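Shared between the two complexes below is chain A, which pairs with chain B and chain C, respectively.
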Partner chain A sequence: MLDRLLYEDKGVFLQSLHTVVTLAYLTVLFVLALLFSHPLYLSGMLIISILAVLAAQMVDKWEAYLKMGLGMAILIVGVNALVFRTGKTVLGLGWIRVSLEAICYGAAMAIRLLGIMTVFCLFNGLIRPDKLLRLFSRLAFKSALVVSLATRMFPLAARDLLKAREMLQMRGVDYAGGSWTERLKKYSWLLDILLLSSLEGAWQVAEAMEARAFGTGPRSCYHTELVRPRDFLCLAASLAALGLALYAKVKGYGDFNYYPQLDPLLTGGSAMTLLALIMTSLAWPILLSWGWQLCPYLRSKI
Partner chain B sequence: MAALPLFEIKNLTYYYPDTPTPALKNINLRIEEGEFVLIVGGSGSGKSSLARALAGLIPDFYGGKIGGKIYFKGQDLWNFGRRCLRSQVGFVFQDPEKQLVMTTVEAEVAFGLENLGLPPKEMLRRVAEVMSYFNLSPLKKELIGNISGGQKQKVALASVLAMQPEVLLLDEPTSQLDPVAAAEFFSLIEQLNKEMGYTVVLIEQRLERCFHLADRLVVMERGEILQDGSVEEVVWWQVRNGYPFLPPVAQFFGLLHHPTIPLTVKEGRRELKKIWACPLNLGKVSPWKGYHGRAVVEMKDVWFSYPGGCEALKEINLRINAGEFVAIMGENAAGKSTLLKHMAGLLKPGRGRVIVLGKDTRTTPLVQMAHEVGYLPQNPSEYLFRDTVEEELQFTLQNLGLKDEGKIDAILNQLQLTGYRKLNPRDLSSGERERVALAAILVAQPKLLLLDEPTRGLDYCLKGELGRLLAGLTKEGLTVVTVTHDVEWAAEYADRIILMFDGRIISDGPKNEVLSDSLSYSPQMARLFRGLARGILTVREGLEKVRVNGERVYAGQSG
Partner chain C sequence: MKKIYLISLALLFLALLVPALIANKGENLTLGEPGQTQVESVSSPSDITASPGKPEGRGEPESSLQLKTASGSGGATLPTPEGRGKEEVQQLKYEETGKQLKVESQQHKGEQGKQGEKSIIVMVAVLGKDKELLYGPKEVKVTDKNPWGFTALGALEATGLPYVLSTRFPGLVESVAGQPNKGTSGWMYKVNEEVPMVAAGQKTLNPGDKVIWWYSTNIASPAPRWEDLVKP
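Now for the complex of A and B:
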């Protein structure tokens, strides 16, 4: 289950983008999902995110997120409908009285939640953790190194913990028996061992780092990520979508009043045109992805 | 004018912080450029400290008191800038897990270069070249956690070489590797020394793997250099003075007082044929007694898969009898440790049955198993946590509800630990810590002892002591099953060898039968006698064979 949530190299177009570009694209999707409250705009963002999932061949990964997301979405709609009764359009569902506005508001929030979860799914599936780490290491190397060391050492610590537990079990320690205080004491022995071993291990790691000139002066930064035409195209599309979205927000096209009564869904041609433009901009990397897959000529050019 | 030596050490004495005895005592040593120097000695002899001193880690990183001088390329080593020194002296440590810090192979190789502040283009070139040289390019994006131990050590070496040092210091770099990965590692080192001209200073315990590569041999004891010279000189010195730091082939010819001492199997076979006319009948391997005696472990059609889906044991059928000393061997991830854990009851079979001392491990609680089965994982000394040695032993007895009744005294005495009774186990040397871990298990007087890589990190003497101890315990009725990569040790002390490959037992029988003809797991003596005599695995057996079967021929030739 956990493996499905982690990064997996599939060699798809969206994974081949520069980390900064992928990060920018996902940030725009995330910001837009928070920025808009209009149900059509929110649905548009969700549709784009799902298309990106399809283009990145991450449906299996997304299913895992969807299972969590759908449960929470239903909960949001249900709780919102039951708790908020400020809407004017009251629906009688047997002995329960709920307002249409509360249901619609809950549904819009559920779409927003699904959109955000899909963006997180894309983040995990499209960005190699070490590339991200290297990106941040330019800004804060020591913090990035700590994260890198923790990533490397955590599985080792987990393995040591398991081995220590096995060794103690074979020395008669029964983790299933005794009162909770006795069990706590038994687990504290494991922590003692882990602490002592980690301290010794930390010394060895530090010595190895010292031997490889760590801390001997200013560092440089190794990077192998290339910038290709596709990166410029996708970055431009993301920035265009952000610009259009901000314009829509200023104009109030992306906003929607749910209470006390629902605004009309279609408010005018301009709002819909702007939505179409934003979606087209956001769909640009996805269209390029399909073109990259199907057209060798395009592939060689971008 | 004579060329300057790469390193020159004059009267070096060093004390680690808060220790009354010196780790290095009055060391004088010259290392020429392009030399391959092999440093041997027992645990605590100062080998690693000497390597750290050459790398400038002593006293820079460790602190402590130091006297004397180290010159590197004619200049005082301690006056070299840290960055300059680190870029010229590369150090590969014992444990690959504890020297790799980045998440991917490529990032790891680049780490040292970033620390040196090299420009990006230069880093790119060096990383590409070194990865290509070590054939690591297919792994460049691989996460470090996903590659094998052998690959990790290769990455560690590559990351050091990317810094383009002039000298390579290697501190037991193959102690964690299986024989195949170790052989591959040493062939790389040989290439670097012979074809690229790197100066190599190697510390190693398993000498059969690397002895022939060295130009010079340095023997250390208690922080001092006992002997330093060409390999041949030091070999003769060792033979005359009874030192054990020789590979079996050299030991064999040394004990025969042969005029020349070969260092490789090829040279050895040439010399052996000169002195010993092998009989037409190669002799017979003593027949296996088979499944006699009381069964201690019975495994019937055992299959096991880890939760991740990896099938670790396949169709295992096995019987181990009381008093046997069994060594399980095979490449990394062959299923050896998994098999051992099944015998301990720590893992339960997916299919099939494991019966240990008459108890089915699937239905018997682990605590009950622990009364009769002792188990030590790899590096057991890392899991000692009580304040004194005595408390470690008491801990086992208390948990198992056993009374002391002189057991602690007896086991401390047997393992020569009585003097350390009130000391903290973590303050002891590695060999002593291993003995404490063993004592903490043996104090419960188990009937079956399971050990995972017990010789890892032990020197020749300590390995010998451990082997003799275990062999002695089997004579008292204890059954010992051990996983090991140490072919020479298994050949010397075990009775029976189980070879595993890809989760299956591919060979099981008496050691002479299994190890004699194995390609990767035959000891040096078996390779020396291949086609000349059967079933010779140890120096002792070789000497007996030559002296008994070929005494007349041998005496005639040499006389």
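Now for the complex of A and C:
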């Protein structure tokens, strides 16, 4: 389960982009999910995020997020419909007063939540943590080191715990048997092992840092991450989408009044054209990804 | 990938888009109180300052009411307050009775007078940005079908003036008759010469209460008084 949440190198196009570009693309998706309240715009952002998940071959990883997100989404829609009684279009459901507006608003918030969770899923699956930290290490390398150690701590501890549990099971410790206190005692042995392995790990990290002369003088660094034509194309598309989205926001196309009565969904040609342009810009890296997979010529050029 | 996830996702999209599409199709599916002023007396067409219509929708700011006089002297077009609501153009029929004109909305005609519905009569006045009277001061009937119940917000709803509530802060009135809150200026209300410290949707009204909604441009400026409004 934990492995599904962490970065895994699959050699896909979106993982091959420069870290700054991937970060910019995901930031735009994240900002747009928060910026808009119009149902079509929100749906569009989620659809683009799902297409990015498919292009990055991360469906199994996304499934774990979706499982959690859908549970919360159903809760949001249900609670909002039952508690928020400000809509004008009342549905006759017996003694329960549910309004169409409350259902629609709950669904919009749920779609937004799923969109944001999908962006975080993409973030975990597309950006290698080391690359991200290396990006910030020039600015604040001590902080980057601390963050690097902290982010590694939890997965490493979980892995050590699993190993220790399997090791003790192989030695004959039955975790399922015995009374409640006996089982607690068995698990407490695991904590001892985990503490020892963590201390050993800390010692090894300190030795490795010392071997690399950490803190003895000015820090040296070298840059190996390539900037390729694909990075320029995707960055330009992301910035274009952001610009168009801000324009749509200023013009009020991305806004929508849910209460007391729903606004018309299709508000005019300009709003829909702008949505199509934003979605095309955001879909550009995904289209390039599919082209990169299918066309060797394109692959060699970008 | 499990089908249940895909089905749930599809249902979520449907829950978002279908209500909005239904709402877009027409008013006839609106089951709640439509919030229309049905009969209203004005001294002349020039006194009409706001359209009795549904709450604001999105659209171009230029909207108008097409009015026809009973004598058949042709139609007159009156400007509505600046705001969104092009789709809310209504055909209003005027029946001249002396100096009084009876404005009758053809939409939602005959909703009143249903047996068994509870209602209270309260007095309401709505003052705009330039202290102009957008409504009243006069009586309105707040029924239990009103989505806000017998509250100050329910009284605003009963006036039929278009208004917009905040989606971020439930119960906060963001705009009335196309006049939106701006900075520290915005809509306030008082009941029986007291400014309640609760949202309008939570302030319960009693029969005969006097409610004033006014656009406050300065928190230090005094609130309008009912006696000043009813002075001839």
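Keep in mind that, in the parts below, the second predicted complex is superposed on the first by the 238 of 302 C-alpha atoms of A that agree within 3 Å, B and C clash if a C-alpha of one lies under 4 Å from a C-alpha of the other, contacts with A are read in each partner's own complex, and residues count from 1 in each chain.
Rule of thumb we're sticking to: a contact is a pair of C-beta atoms (placed from the backbone, for glycine too) under 8 Å apart; a residue touches a chain by one contact, two chains touch by 3 or more.
Quick caveat, the model's predicted, so the values are computed rather than measured.
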item: Partner chain in contact with A:Leu196 - chain B first, chain C second, else both or neither; value: first
item: Touching partner for A:Ala108 - first (chain B), second (chain C), both, neither; value: second
item: Partner chain(s) touched by A:Asp130 [first = chain B, second = chain C, both, neither]; value: first
item: Contacts of A:Cys221 with chain B and chain C, given as first, second, both or neither; value: first
item: Touching partner for A:Val205 - first (chain B), second (chain C), both, neither; value: first
item: Partner chain in contact with A:Ala213 - chain B first, chain C second, else both or neither; value: first
item: Complex contacts: residues of chain A adjacent to chain C; value: 37, 39-40, 42-43, 59, 63, 66-67, 70, 73-74, 77, 84-92, 99-101, 103-108, 110-111, 114, 252, 255-267
item: Interface residues, chain C side, partner chain A - complex; value: 1-2, 5, 8-9, 12-13, 15-17, 19-24, 29-35, 54-59, 87, 147-148, 157, 163-165, 167, 170-171, 201
item: Footprint of chain B on chain A - complex, ascending; value: 9, 128-130, 133-134, 145, 148-149, 151-152, 155-156, 160, 163-164, 166-174, 177, 189, 192-193, 196-197, 200-201, 204-224
item: Contact set on chain B toward chain A in their complex; value: 55, 57, 60-61, 81-83, 86-87, 90-91, 93, 95, 97-104, 106-107, 110-120, 123-124, 127, 141, 143-145, 159-160, 163, 341, 344, 346, 365-367, 369-371, 373-378, 380, 382-385, 395-396, 398-401, 426, 440-441, 444
